[in-house]
Amino acid sequence: MTGGASNHVKSGGLRSIDPRPKLMLMVSASTACMLTGNIPHIAGILCVLILTLVVGGADMLVVLGRIRALLLLIAALFVIQTIFAGMDGLLLAAVLSLRLLVVVLAAAILLEGEIRDYLLALVQMKLPYELAFAVIVGLHFLPILRDEAVNIYCYMQLRGKDFKKLGIAKKLRAYSGLCLPILAGALRRAYETSIAMDLRGFRAMPGRTSMRRLSMRGTDVILTIFYPVIFIALGFIFVR
Amino acid sequence: MALEVKNLTFSYARNPSRKRRDFSPVFAVNDFSAVFERGKITAVMGPNGCGKTTLSKLLVGILKPLRGGVFLDGENLSGRRLAEIGKQIGLVAQQPDRQLFCTSVSDEMEFGLKCLELDSAEIEARKARYLEYFDLERYAETFPFELSTGEKQRLVIAAVIAMKPAYLILDEPTSALDRGRKAALGALLRGLASDEHTGVVLFSHDESFTARYADGVIKMEEGQTG
Amino acid sequence: MKTDDHIFIETRNFSFSYPPTGKGTERRPALADINLAIEIGSITVLVGPSGCGKTTLCRCLTGAIPKLIKGTLTGEVYIGGREIAHDDAVTVGALSAQIGFVTQEPDHQIVMTAVEDDIAFGPENLMKPPAAIRSSVDAQISNMGLAGKAETNPSALSGGEKQRLALGGILAMNPEAMIFDEPMSNLDADGRTRFTRRIKELKSGGRTVVIVEHDFELFDFADRWVLMKDGRLICADAPANIPRSLLEDELWR
């Protein structure tokens, strides 16, 4: 099997929805939970997000796999805060953790879509295209960097560096040796890519056209309005 | 004495419950067997995407086979640490950028030699010899990343060869070398095979190079891949 | 000063050196006194040992030197009769409509997350109308043997496919001249044959082609081989007219 196959995740559900309702959901959910300190309100927002994922047909196992590390981090933060602040802090810690959960879940919903569509959506929403591209090119590099780090780690060991045998100080020094090729590689890649982009006419003209155009269907329009409305409505229900 | 590959099978099919959004193109190796003898230069050739790079990573233990195994002088590689394997099997991978870890060419040469715990006289001698052979002495104090691609490729080859591994695996070593350098590399590999009894495995597209320097050619077919 | 009508690319008494590195050592010139005229619709192959200045010369022809990569430069470079090296009004982006450059590492050139988007990247930058972009993208996808992979992430393509994608992305901009830096280094025997055929097609389509390649013998059909050493132009002639001794020995010493 080649890696290409996994790019084609099943379509339909959340994946077939325009990126703009998802962006709106992300913005309105995080804004709403930052403005309110009310636990039932934030919990309500969380429920809406989880429902969205389930009804949208997201593979929950995959979603959990993606956000697992962040969930652990949130749990750890919660425990630390309650230990240091006692019962008074419990409420505060709960609010903070729930807020973080909202942001993480909203991001998980964003991940049920293609980067290229978000790029197009941002450009169609009149965001300066240079900015949108900077973000996309950056995102594009992250997995490449990770793969490179793994490769470099292996090649270093093959040249005889035995990480298991080193003491802590030496281990740290050896790991810092890893940074050099990763950093040098990243810088070179960024440099070469920026030149290649210019050679392909990037920023040559006062503007830019797009081959594809996203258009919102009825459901997309409804969802874009639905999310901010429901989050505000939840506020009215729970906050008196 | 040989590096032997028996019924090696590998694919990147992943556990579907943890879908990685995937990136590098990866090619499978399917039921592949071969023997790479010491003292011989064996070329492995095949079309793009036939799994050559995957095989090179399997040979040194970076990737673990799904079935079958790699045997170093009769002993299965699985379970051995990369740092141990690396002392016996040298790998020159495709991108030189990923195999340079030091702030000067001189340190780069010493990196592996120090890991072998050689005495300083031996380290100096090997370093001087291979820097000279690969025409890199004048760069001894240069930052490796300032070198050109061809120079970096030569530096990696020099650093790995200086460790005098029993087996040497080179993945497309001539891709950035001009013909003068290619001939020098070919002659050195021949010398290693006959004088040091090194087993050389050469993954290459370069038919004129392999025809000239290899003792035998193993063709990987598209069919050998999954 | 206007150049001859049948010449597309020309350099006159052109010299260039990269800026000195931190250690205060002055670098020797990367290019010294290059006089080269490349005719419209011709194939030129740059030949020489590593570090002889081939890649630097290509960068000068695309305007990347001196617009993006600075250094000390004397002499002139003309593209389509216009001097580009000293004219600040000429930008790399504007030149991209005339001269396409295919990098050695396709990974450096591919920026988008889907094959069709990447091919569209250049024409979009040039503000071509969307419908026209769509048709040239579709044409390049089938031309480059990438049918069925329009929405695939380029990172999942094989080396040969990536290279064809990089080429398709440049061809979609429809430049008059194409420059290739080591195009064969990632290709297998089959890919090489296909690539040389593609180069012949480019020529018959009237395009000017410049290629930097170690395996220059594969381009025996080129109009000219240009031999370079230590930043100087040694010989430029039809492949058959170049002395064998020069090619087989002297050049590489």
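In this document, chain identifiers A, B and C correspond to the written order of the chains, with residue numbering beginning at 1 in each.
The working rule: contacts are C-beta pairs under 8 Å (C-beta built on N, C-alpha and C of every residue); 3 or more make two chains touch, one makes a residue touch a chain.
Everything numeric in this text was worked out from a predicted model, so none of it was measured.
*Asks:* Just grab the chain with the largest centre-to-centre distance to chain C, centres being mean Cα coordinates.
*Replies:* So the farthest one, by centre of C-alpha atoms, is A.
*Asks:* A-B versus B-C: which interface comes out with more C-beta contact pairs?
*Replies:* Counting C-beta pairs in contact, A-B comes out ahead.
*Asks:* Would you mind pulling out the distance in Å between where the CA atoms of chain A average out and where those of chain B do?
*Replies:* Centre-to-centre distance between chain A and chain B: 37 Å.
*Asks:* Based only on mean CA positions, could you tell me how far chain B sits from chain C in angstrom?
*Replies:* Roughly 31 Å separates the two chain centres.
*Asks:* Indicate the residues of chain A shared as contacts by at least two other chains.
*Replies:* 2-4, 7, 143-144
*Asks:* Which chain B residues touch at least two other chains?
*Replies:* Only 22-25, 27, 49 qualify.
*Asks:* I need the residues of chain C touching at least two other chains; which ones are they?
*Replies:* 153, 155-158
*Asks:* Show me the residue ranges of chain C that touch chain B in the complex, using the header's touch definition.
*Replies:* 21, 48-51, 104, 153, 155-160, 182, 185-192, 214, 252-253
*Asks:* Please output the residues of chain A touching chain B within their complex, sorted ascending.
*Replies:* 1-4, 6-7, 9, 59, 61-62, 65, 143-144, 147-148, 151-152, 154-165, 177-178, 180-181, 184-185, 188
*Asks:* With touch defined as at the start, can you tell me which chain C residues reach chain A in the complex?
*Replies:* 62, 64, 68-69, 91-94, 96-97, 100-101, 103, 105, 107-109, 111-114, 116-117, 120-130, 133-134, 137, 149, 151-153, 155-158, 169-170, 173
*Asks:* Residues of chain B touching chain A in their complex?
*Replies:* Per the touch definition, chain B meets chain A at residues 11-14, 17-28, 49, 60, 62, 81-87, 89-91, 93, 97-103, 111-112, 115-116, 145, 159-160, 163, 226.
*Asks:* Once bound in the complex, which stretches of chain B touch chain C?
*Replies:* The contact residues of chain B facing chain C are 22-25, 27, 46-49, 146, 148-151, 175-181, 205, 207.
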